[in-house]
Amino acid sequence: MKFKNLQEENINEVINKANILLEALPYIQHFNRRIIIIKYGGSCMVDEELKNSVIKDVVLLKLVGFKPIIVHGGGKDISSWVGKFGNEPKFINGLRYTDGFTMEVVEMVLNKINKSLVQKVEKLGSKAIGISGKDGGLLKVKKKQMGNEDLGYVGEIVEVNNKILYDLLEKDSLPIVCPVGYDDNYDTYNINADDVALNIAKSLKVNKLTFLTDVEGLAKDLNDKNSIISELSVEEARNLIKENIVGGGMLPKINNCIDAIENGVESVHILDGRLKHSLLLEIFTDQGIGTVLKA
Amino acid sequence: MKFKNLQEENINEVINKANILLEALPYIQHFNRRIIIIKYGGSCMVDEELKNSVIKDVVLLKLVGFKPIIVHGGGKDISSWVGKFGNEPKFINGLRYTDGFTMEVVEMVLNKINKSLVQKVEKLGSKAIGISGKDGGLLKVKKKQMGNEDLGYVGEIVEVNNKILYDLLEKDSLPIVCPVGYDDNYDTYNINADDVALNIAKSLKVNKLTFLTDVEGLAKDLNDKNSIISELSVEEARNLIKENIVGGGMLPKINNCIDAIENGVESVHILDGRLKHSLLLEIFTDQGIGTVLKA
Amino acid sequence: MKFKNLQEENINEVINKANILLEALPYIQHFNRRIIIIKYGGSCMVDEELKNSVIKDVVLLKLVGFKPIIVHGGGKDISSWVGKFGNEPKFINGLRYTDGFTMEVVEMVLNKINKSLVQKVEKLGSKAIGISGKDGGLLKVKKKQMGNEDLGYVGEIVEVNNKILYDLLEKDSLPIVCPVGYDDNYDTYNINADDVALNIAKSLKVNKLTFLTDVEGLAKDLNDKNSIISELSVEEARNLIKENIVGGGMLPKINNCIDAIENGVESVHILDGRLKHSLLLEIFTDQGIGTVLKA
Amino acid sequence: MKFKNLQEENINEVINKANILLEALPYIQHFNRRIIIIKYGGSCMVDEELKNSVIKDVVLLKLVGFKPIIVHGGGKDISSWVGKFGNEPKFINGLRYTDGFTMEVVEMVLNKINKSLVQKVEKLGSKAIGISGKDGGLLKVKKKQMGNEDLGYVGEIVEVNNKILYDLLEKDSLPIVCPVGYDDNYDTYNINADDVALNIAKSLKVNKLTFLTDVEGLAKDLNDKNSIISELSVEEARNLIKENIVGGGMLPKINNCIDAIENGVESVHILDGRLKHSLLLEIFTDQGIGTVLKA
Amino acid sequence: MKFKNLQEENINEVINKANILLEALPYIQHFNRRIIIIKYGGSCMVDEELKNSVIKDVVLLKLVGFKPIIVHGGGKDISSWVGKFGNEPKFINGLRYTDGFTMEVVEMVLNKINKSLVQKVEKLGSKAIGISGKDGGLLKVKKKQMGNEDLGYVGEIVEVNNKILYDLLEKDSLPIVCPVGYDDNYDTYNINADDVALNIAKSLKVNKLTFLTDVEGLAKDLNDKNSIISELSVEEARNLIKENIVGGGMLPKINNCIDAIENGVESVHILDGRLKHSLLLEIFTDQGIGTVLKA
Amino acid sequence: MKFKNLQEENINEVINKANILLEALPYIQHFNRRIIIIKYGGSCMVDEELKNSVIKDVVLLKLVGFKPIIVHGGGKDISSWVGKFGNEPKFINGLRYTDGFTMEVVEMVLNKINKSLVQKVEKLGSKAIGISGKDGGLLKVKKKQMGNEDLGYVGEIVEVNNKILYDLLEKDSLPIVCPVGYDDNYDTYNINADDVALNIAKSLKVNKLTFLTDVEGLAKDLNDKNSIISELSVEEARNLIKENIVGGGMLPKINNCIDAIENGVESVHILDGRLKHSLLLEIFTDQGIGTVLKA
């Protein structure tokens, strides 16, 4: 037999808890049985605690009725493993040059990361299946053209065969996708993970596409934290590009966002993956987090 | 275009929010697709704000994957309406004496309350259907025997025909049940709402049966708040009865709890319905609220 | 061991029985798995024997493969209960004026009638569920405008959310609907039961909409029984209105019939609810009963 | 526009009709979705009007929710066709001797009758499929042993593979079965149609097995119409056999009835197929027709 | 314990076997779950070994995932049985004149053949159901007009009600269809089996319609085996007709082929039924067999 | 238009083809919708042509109605990749010692092989999904105990959670499993691929478990090809072990076979993976290939 000892302060704390749970109510309602894509990369793939925090968030989303799909990249792990073989990673215009041997290493590392994420989900009592773009013929690619540069086995998505994703979701699994696919000759290619997330989101016409990144959001002035934009429209985004305000690594991300919205995705989010539970906070609280792009 | 203005304090607050949401994770997991019965009566049926708070909680439970069923009584509304006809309510051993005319009024009032709860659920965007024990032949009763006293149309449940509840839950409706049934002669009887909740819980072998009451929980000494028991076993409950520690209005409640546990219900809860969101706090927080009885 | 004693006359009687059963064959065939709406009101709601006769008919229809839905009003019971509170019912242009308090009484009485019909169906071994327009958000209304008159809580249907009816029919229940709904503010309104039957019929595009009334059918001359029309077309109905032949309480009924036919209902019937089993006779015999309106 | 002309007598006649329809209510209820086997043979297979009457009855049963299966024999048609080839039919102990050529003719005639019954059902707007014991491997037989007599291709059922019947019933077809099967060598055999009906009834554990025969029922004294038994128990039936009261062509039928009851069939009926609609009258009227055997 | 004794030659033979099995791979893939109609008639219905060979082929097709439907005629059996009654078969323009009595015999013989094919399929462990155009109302016909000639009960298809075929295929049965149907008066008619196959193929828009015939294929010169055409287009077929190269019994077949292709059938085949397993060879080998007509 | 040129020899060859296809008939029938496990390792994983031949065979099995599951090891690829990092593979009692770093490499290599097999299946137009024992929690392991030796991350299966396999098979995917799992601490372990195949076979109680090996079968005398056993019983196998006739690498395989049979697997096969299409030949030809163990 246990006894209770509730003081006044406790009561208030407890009521505060209830209110936070209830703040989530309309969001849970809105996304019930809806698919949400989470692109997971950057710092939050390095720090073990952040990794766990992201997975915990996704499992919670799944439990309260969302149908999440994780897309992940390989980040620093790839360079590190390629390095172990005495090869220096080579980049051309920010894209890794991928020779045949490197492609083998890249695929191996991506699959390893993939299964380690599966493992984390299973540890939390939920069911995940890790696939690459090869499984069920999910991603068909062609060799990426980059002016005169040869990038090697870097692919560009030409077709998404999403049946396998529907199959897995129907069986209540959480699909975790790594960015590898094959072309018409069944040669293996590395794909940019952002592109994978974008193309799957477009193919499934999801409600929400979320990029967990290493920035707090889109900023007008990269050096001024107060210039971080919390919400903008496609039109406003185009203007920022025209006025050269967005540039650098942000440019392709913004272009992806615009592409998604114009192809049926309801909202695209750029979140700070370095902030613990940023995903949860973005979805379940009224103030939100990071930058959201809408039609 | 909107800009963000996140101060340090905000960040902490926001992280705190995330933690509270995550505290709910294992409970959501555990109760996924499980039926939970909520007996709703007493003060929380009087105060409009409390009413809304209870319904909000139940809708949240439904959204995160539970399958709740509400059972409600009539409380003061019944006496008030009976009074409008110039009749004084008559009680025998704490049970209302119910003549034919009063039974008509009681049924009308209970149905009115029933539909007003439906309305509240619908208002929150969820789907409810209000039924009485007559619909689908849910509750078969017989006249309650009480020594030599004649209580009139007060019934005792002899059979629960739960098919209708499964039908409604399968169609994703929230059933709201009022405590009226009929006997073999198809005469209408009033039933104690606690008994209805108990018998439905036993028939469905639910995981959780919850009574929202006007006390903070079961107390060893009614005058000492610090004597409120937070958890006890069936055996401990029996001892409290033997030692005459539990008595008064609490005795039938405790007996109900014991009956439930012995018939396959996993845990029974006595919560303070006067505390806003007590239902939510009991289920989603580690410390819990009120008294829980387990095997 | 029992012995038979069949005389010649018996044989003939018995063969006559068979022929009557067989006369029903093509009608049973035609309405197999089709929805039929029965508006039930007037005298046949007062006389207990008539009540039972109507319910018996509907249960038979259900058993032989129809999917009936009953819509009922409150009739004299409402005035009687309102009277018990010392209030005189107030009518404006034939529509009851409904203040807040009266609305509460009206809803209570309608629910009471509703559940008593459920009980009658269950007594015959069939499964019924009584709902109001609130359950599952079935009927959305707005305040009825009547020139300059304020009718109080009298609603006009603006939307029928028929999912709940399909759910109940799929689960082999007989839905019994009472004419109460709510508006955008979730205020409760009384609705004309004929309007409820009509709007549900239009929403479901049913084959047959049947009004059980207190007249033998539509008559050219109200005082001449031989002027009762057994069948007429929409065009003929319009002419009767133009020539002022139809008027009084019949006018809204005829307009409802025309509205139904023009919105996909196959036939609308005005039957004499005071004649026992008129529903059965209309449907299963070649000569029919009452007045039928067709395209 | 048509007018009505209902006299007093009409009204009474019409009410009488309704009562007869309602008398059928509990029977329709009881047999809802239950399988009933109708063995159809003797005179009612000769007279065209009786044939139509039987089929009409069965189609009505199907429409009001029963799941009937017809089993038919060949009767006089077989002898007549065998005769056309100059062969005299040969009987041994009341069983037709069947040589190879005769078996071919028998099968052809049975299939012809089978399809003509299908045609009659289709003509009434219902869906039938005619099968023999060969289709879907329904009936496995072995050569019938009859003391020292060789009966040729006369089979005895050793296995009923009822999957095909469930398949057809599930697809809402009316199965019509003719009594032909094959043995382990896939040789074709003629089977007694009563045996087919009995064995299918036992295999499906149906509620009702009905034999349409050329007698009014089981009689204690074949010459005394007043000695026809309307109802008897298995025990009483055994006594009648022991006391040699039942004999001749009735004996195997009674033994079949006892066998059926002891293997899970609820009631077995011997009806007079020469009386139009005897099937309907037996099922839908309180007084019944013919002889019924129950546990 | 058994020992192996594999010589070099054996190994080669065994590898050859594997290659033949693998040659079938793409065809099995292409026809997975697709319906294929096999018209079965002529010599392969006479010779018992050929009969078995055809059925074996069809059962194999079913097992590897095709959904075959057999349509058969009566061939010489009909003339032979009609002859047994002393009647000479009468032909008008190559079409049998069918009086009422002959129609009865024809139907009987066709049903007998039908059930014997069912038996052969069952013997191979697969499930078949034999139906005629009467079952489930599959084939509606009208009396065939042939200039001034009266052909008696010879029918022309006016409607294919293919629901029954879908039902049987869904239940994993192999439908075997004999060419008999009825007209609006429910009179029975004989139908040309090629027409039945053609019309069912058109109604189901099948991929492959196959005629097993008594010729090796379509020949430009009937006396020159080397003039057999292996593949031709609709246009080429039309030209052959225009140039009077195709004539005699081949003309209606070619017209059927053209009709089929123009109504959605993918390919039509004329195979030599006298060659054992021609069906299998046509479908599973790269070189094919007989003549194929494609768009 | 194409013409045919079929000589006598061709005809014979063509008929021979048909007979080989038909020889497969009973096997296809027997294994319809049955699960078959193929353990794939050794030489046939090295030679590209053999790899393709195995995959082609499995795809054919899938197409003709089997439900195959492939389990593969890593073979020489693992040693080769481990070597690339300057580490010498270390073996203890024939089991690889696996330190943490090696485990990472092993998992990467296995996943790479896994996805390359997926790719080969997809190339043949069929649908595959590559999983490890981590996905869906398929394989739970514990650290393998080997006397006093520490083998590092070498696991022993303690639980097979086969739901994921049923899910994938139901969705018509071909599961390809690599032998990696995790223990209670969610640490990753390498598992013997034969053990994985065996345990999955036992868990699913499959009909056929097939090991593709580098020997022609089980031999009494390893140097005498004529001593290869084609079939033996569990009892005979036990005797061979007792008499020390089986030893070396064969011993664990034989023990696996016995374990499988005793746990519900119908037959276990040891095939020569170096012989092209040995899988097909074993299953589809009467003489079979390799060694089979049965109860």
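Letters A, B, C, D, E and F name the chains as they come in the text, with residue numbers starting at 1 for each one.
The criterion applied here is as follows: contacts are C-beta pairs under 8 Å (C-beta built on N, C-alpha and C of every residue); 3 or more make two chains touch, one makes a residue touch a chain.
Owing to the predicted nature of the structure, the values given are computational and were not obtained by experimental measurement.
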Return the chain pair with more inter-chain C-beta contacts, choosing between E-F and A-F.
-> E-F
Relative to subunit C, which chain has the most distant C-alpha mean position?
-> F
Given that subunit C is a copy of subunit E, what angle of rotation, in degrees and a multiple of 5, matches their CA positions?
-> 120
Using mean CA coordinates as chain centres, what's the subunit D-subunit E distance in Å?
-> 36
Between the Cα centroids of subunit B and subunit F the separation in whole angstrom comes to 57
In whole angstrom, what separates the CA-based centres of subunit C and subunit F?
-> 69
Indicate which of the five shapes (line, ring, star, complete, other) describes how the chains touch one another.
-> ring
Enumerate the ring members one after another: first subunit A, then subunit B, then the rest in ring order.
-> A, B, C, D, E, F
Note which residues of subunit E are touching subunit F in the complex, please.
-> 1-5, 11, 14-15, 17-25, 28-29, 32, 56-57, 59-60, 63-65, 124-126, 216-217, 226-233, 236, 275-277, 280-281, 284-285, 287, 289
Residue set of subunit B touching subunit C in the complex reads 84-85, 104, 107-109, 111-112, 114-115, 118-119, 122-123, 127-132, 134-137, 164, 167, 170-171, 173, 180, 182, 186, 188
